[in-house]
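Chain IDs A, B, C and D follow the sequence of writing; residue 1 opens each chain.
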Amino acid sequence: MSRKIRMGMVGGGVGAFIGGVHRIAANLDGQIDLVCGAFSSSPEKSKESGKLLFLPEDRVYGNFEEMILREKELPEGDRMDFVSIVTPNHVHFPPAKMALENGFHVMCDKPVTFSLEEAQELAKVVEKTGLIFGLSHNYTGYPMVKQARQMIKEGKIGKVRKVVVEYPQGWLSERIEESGQKQAGWRTDPSKSGKAGSMGDIGTHAENLMEYMTGIQITELCADLTIFVDGRALDDDGNVLLKLENDAKGVLYASQISVGDENNLRIRIYGEKGGLEWYQPEPNTLLVKWPDRPIEIYRAGQPYIGDKGQAHSRLPAGHPEGFLEAFANLYRNFSMAVRARIENTDYDAETYDFPGIHDGIRGMQFIDAVVESSASSQKWTKFN
Amino acid sequence: MSRKIRMGMVGGGVGAFIGGVHRIAANLDGQIDLVCGAFSSSPEKSKESGKLLFLPEDRVYGNFEEMILREKELPEGDRMDFVSIVTPNHVHFPPAKMALENGFHVMCDKPVTFSLEEAQELAKVVEKTGLIFGLSHNYTGYPMVKQARQMIKEGKIGKVRKVVVEYPQGWLSERIEESGQKQAGWRTDPSKSGKAGSMGDIGTHAENLMEYMTGIQITELCADLTIFVDGRALDDDGNVLLKLENDAKGVLYASQISVGDENNLRIRIYGEKGGLEWYQPEPNTLLVKWPDRPIEIYRAGQPYIGDKGQAHSRLPAGHPEGFLEAFANLYRNFSMAVRARIENTDYDAETYDFPGIHDGIRGMQFIDAVVESSASSQKWTKFN
Amino acid sequence: MSRKIRMGMVGGGVGAFIGGVHRIAANLDGQIDLVCGAFSSSPEKSKESGKLLFLPEDRVYGNFEEMILREKELPEGDRMDFVSIVTPNHVHFPPAKMALENGFHVMCDKPVTFSLEEAQELAKVVEKTGLIFGLSHNYTGYPMVKQARQMIKEGKIGKVRKVVVEYPQGWLSERIEESGQKQAGWRTDPSKSGKAGSMGDIGTHAENLMEYMTGIQITELCADLTIFVDGRALDDDGNVLLKLENDAKGVLYASQISVGDENNLRIRIYGEKGGLEWYQPEPNTLLVKWPDRPIEIYRAGQPYIGDKGQAHSRLPAGHPEGFLEAFANLYRNFSMAVRARIENTDYDAETYDFPGIHDGIRGMQFIDAVVESSASSQKWTKFN
Amino acid sequence: MSRKIRMGMVGGGVGAFIGGVHRIAANLDGQIDLVCGAFSSSPEKSKESGKLLFLPEDRVYGNFEEMILREKELPEGDRMDFVSIVTPNHVHFPPAKMALENGFHVMCDKPVTFSLEEAQELAKVVEKTGLIFGLSHNYTGYPMVKQARQMIKEGKIGKVRKVVVEYPQGWLSERIEESGQKQAGWRTDPSKSGKAGSMGDIGTHAENLMEYMTGIQITELCADLTIFVDGRALDDDGNVLLKLENDAKGVLYASQISVGDENNLRIRIYGEKGGLEWYQPEPNTLLVKWPDRPIEIYRAGQPYIGDKGQAHSRLPAGHPEGFLEAFANLYRNFSMAVRARIENTDYDAETYDFPGIHDGIRGMQFIDAVVESSASSQKWTKFN
């Protein structure tokens, strides 16, 4: 008989932002049970978190190594099926590698690792173990992103000519990391975040979203990264010109000093026959533009939405779904892959897709390329 | 030790719309476990639904009577804590009454009952048993609705003068109930829906939202209900003039023949010193209007949002939350009340409020009043 | 040889609001010359205004009687062709009547007169003289209003079922007429404004716009007018339920105490097959709604706009036109009618239409009906 | 005694787009009279245009040389005061130079000349003659652009860090110049348009707007221009990274292949303390962003708008003004400068400013710089 998929979590102690998001996303569709966790590098904090999550004490571990080894020894009917990794960037690789090598599937927060080298090594582990690896490039989980991707794939807007993707935020316009803001702390610390700041944290989302929606990849780029806030070690803003496959061009920018902006991720795609525009703060709307007739307002959940978009809406139009639902779509789809593996069944992997190790590597390559380009006096830097 | 609150469900078999919503809402925050259900009047469908929800067979019942009686006999550590009722309107009263009388708390879909008489009788049962009763007037769960209510309570916009609340939908602009659309079927059938159509289904939401946000009540109304689609027995559109407490005035309308509109619930409140505007399709925004300075765009999750709004956001600004999160706020708050009862503790019931039997009675009175008024040649009909 | 049409103005001395609007509207398309005026009841102010408008001293008059009589004696090649009347409501009728009776066409600010009786008498003068009479219900001059009217006429949205038209303003939410604000002064004074306040000033615009766009008329109404600001003698807010021809229903409201709102005139029209929505603050957009496909954003100046809308745009899409251009459309069309009369030619009067005495009478009837209805305990008051 | 300022026009024969715009702009405020013109290189077309504009035959000339020489000989009380030049780019310099050298002020369409060399020579003529030279960078005429400039000047948003300015259009996404579209024809022809296409036509507007609003200048840029439509000789799209004074950074792009976009000029400016956002299709709104309080919606014509913005609104808030009014602001201000010269009076030249020869030279330098940069493999090209 079918059962819920069992999740263990690394990181995400009470008070952490992204850990809570992952838990809600996993809960939402009733397909996944949180059964254990190593929620903090402090065993006490881990215990406390476990209690608040109603976990039995013996399934709350002091660190991820302990969790992986002890869970492995549990009977098949009890032990976790996969590990969800929600730690800062520099603590993605070790638990991911260890989990995979001990037979557990992995869902990992993005960017996939601290460095490109780690990502490449992890890719080998994924390949070798044949296990399922998911990555939380959550913006690709929105129904209207699915719809846009499908429309482009089906040629609705013709060959893509130009893409403009931007991700302005304002929350780091002052040096809040100095006043103990935890999220800001590790993100602006190169020893935890990696070699890029804004570009790693949100530039990679923009890059991933663009390649996912258009189906074409960046081939060369020209970046100008800036540190606006004195005393900071990593870029808090970056502007990038893009060359893409099929002679398309683009602009990408990410910023954390755009005062007053929230997560204003916006993408505009122009093809030979039409255009598309999507804006994350109003995610249930997709503008569809034509050369000779009115702009159309596509809305999530409407009957005219294609099967890919429909498969990622839970509700009919008019009931706005948001960030958590999109995030939950990743977990739902990931759980379908895990379930298919467990139950040895098949499922529609193309419709119920989710980002994986390949997206992770693209992201790390993107970080490397923009950092290299920004330091260069040459206009174009290869990216592949 | 603390544990999850245990929910049993009446109705909501697979494929039903609102049942799925209630389940997601209950799941979302990890506070509630679905432990049993009587999901359909067909025992087979109920079984099938239970399987898909990963319930053990012996906790899936053929009808609500069986569920209530059998659960009551289970040990305290196993049996459900409350019943969630998600059946059509005419099947709210019987399970609600029986559940209460057998010691179970109740969360009920709205409108609370089929008729005002039932609602009044149910209120007596609630009072007598002293159990907790929640009602899914879900729009009051949005963080910006909480923020608006708090601002009005604190006098930010002064004495309320005028309210305009509207709920236009377009989905019933053709007679789709004839083609087997299940949602349309029972909603347009007076034997299941009650004496009003659009006014019962969505007019009551508008009424409830307005009274909740403003803190003042309708005292008289003048209604004009219409059946636009031939062959229909209940209103599919209604316009209402309002008198409210403190000499305020208002307009309320609900419509199911407003072609192309989704759930375009909008409320505008004007006071002596300022105004507020909220629009459900973009629920994370609250416009705040002043006589002598720029309109302000309040956004959910921003640090300047008051404690009531903050308590109902899970994420910082820029991560849009939607319908399900608002719905989940009701379940979360309801679960806090249940937990406090179980654990014999206290909690902040004002902040973590949820609609209850009083809201249900107001809704039924509203239905009675608009139907009476619409048939009358007198301008004003009392409402209280 | 063709020449510009010559305009004389009554009222609109420097500093007056609506006089300046009429002058710009008349100037804009280069079809009309201001040649004379009686700009103020104070001859000195009139002179001063004439100087600032670069008029020769002998064409600036001390009062309208003088202007009409003296202009009449000028040679045909010099004298004005028409009079533009931009005084407060109680000074519309006398100059309009006198101008017509002396052979001058008239363009008059709305509402057409102080009372329905005056309007009816004026209609007789218009009919008797056969001269051209224009009325500044300026909102009908917008290109997207023309487009909407044409679409409805052509049956694009089917039989109209429901109309919601609203005109909320906030500028009179405090008693600014007490502090010498001139515009507020006469509008809140029954001896100058007439028997209605908000309903006369802006309610009539809403009524006119609705009947113009839909092509159907109000047959009965139920009004609730309110004076919110203490000490005021006329309504500053009013809500109205409507019955219209062909069994359509509607809601109309106008308000001057809707704090923070500007001229937020909005109309939504729902037919059996589609819906339309237009909002004055963004006048170049018309939303077109369908039951089964995406909402379309029609934009002024786009090639797909019909001939009626095209005839009232001066610029291609993307160059926003506004209030003054819509107002100028009335003057342009009025000047075409005058020119055709002068040059004894023909022109496309259906395309280049403008409001006239009939609209004026409807407006005065509307004022009478809402005032009567508001005082009545009966629900419905006839309107025709 | 004061009189209207007299304008002669070069180009702008009936059917031309921008000529009509200039005429309406000149008419709108009643300060300027069109008294003569050389409307076309075809004398017959010029005559025909003159007739439709109600000009006497002897003030309609066959070419600009004739106009300038003949007007010069007219008595001072009759002859034109200034020349408005509305021809394609390659015919700006000759009439501008000749007009100035014959004592006439000049208002010229942008870009100022065909080449930077011409612009520099023209600047010398302007300086030598001391006459007034205006340039139609019309977007700077919008009231909310004035407001933004004033707020930045007064330090409201602190030191500017980042600017994003974009001007996407879609009208050239197909090769419509081949089918006789006149506007497309000369704009895509290097012998008439100059060395840039999209960058000359609209990129210069973006550059001008940015420098005007922020008060800081571009110092280096990195451009990537593209010809997307086969067979075209000039860029129809271009993306540019910017370095600005005071270590600010920026992104500028202009596009004519952004299918479905109209004139979607948008600028976002982020400073250390706040941000501003303005969008031309909704020009009466300025978003003002803060790090710690709600975004404010500034609206043209509201009492809280500063004196610079107020001076460029004709109407109170709620009466949308648009493209023509902004354009008319340039003519109104230009006419004030001419009038002050004629009447030997003073006026507030800072408030009533308008673009001039300096803006023209910046524009031509910008064109040169982006074309040079686009061809270069070096990242940064100096601009000054």
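Here is the rule we go by: contacts are C-beta pairs under 8 Å (C-beta built on N, C-alpha and C of every residue); 3 or more make two chains touch, one makes a residue touch a chain.
Predicted model only: the values in this text are computed from it and were never measured.
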| item | value |
| --- | --- |
| Other chains in touch with both chain C and chain D | A, B |
| Chain pair with more C-beta contacts, A-B versus A-C | A-B |
| Averaged-CA centre spacing for the pair chain C and chain A, given as whole angstrom | 55 |
| Chain A-chain D separation of Cα centroids, rounded to whole Å | 44 |
| Whole-Å separation of chain centres (CA-atom averages), chain A against chain B | 34 |
| Per-residue multi-chain contacts in chain A, two or more chains | 295, 299 |
| Interface residues, chain C side, partner chain B - complex | 157, 161-162, 164, 166, 168, 170, 173-174, 222, 224, 226, 228, 237, 239, 241, 249-251, 253, 255, 257-261, 268, 270-275, 289-291, 295, 376-380 |
| Touching residues (chain side chain D, partner chain C) in the complex | 1-4, 17, 20-21, 23-24, 27-30, 34, 51, 53-54, 169, 262-264, 280-284, 299, 314-325 |
| Residues of chain D that touch chain B when the two form their complex | 288, 292-299, 302-304 |
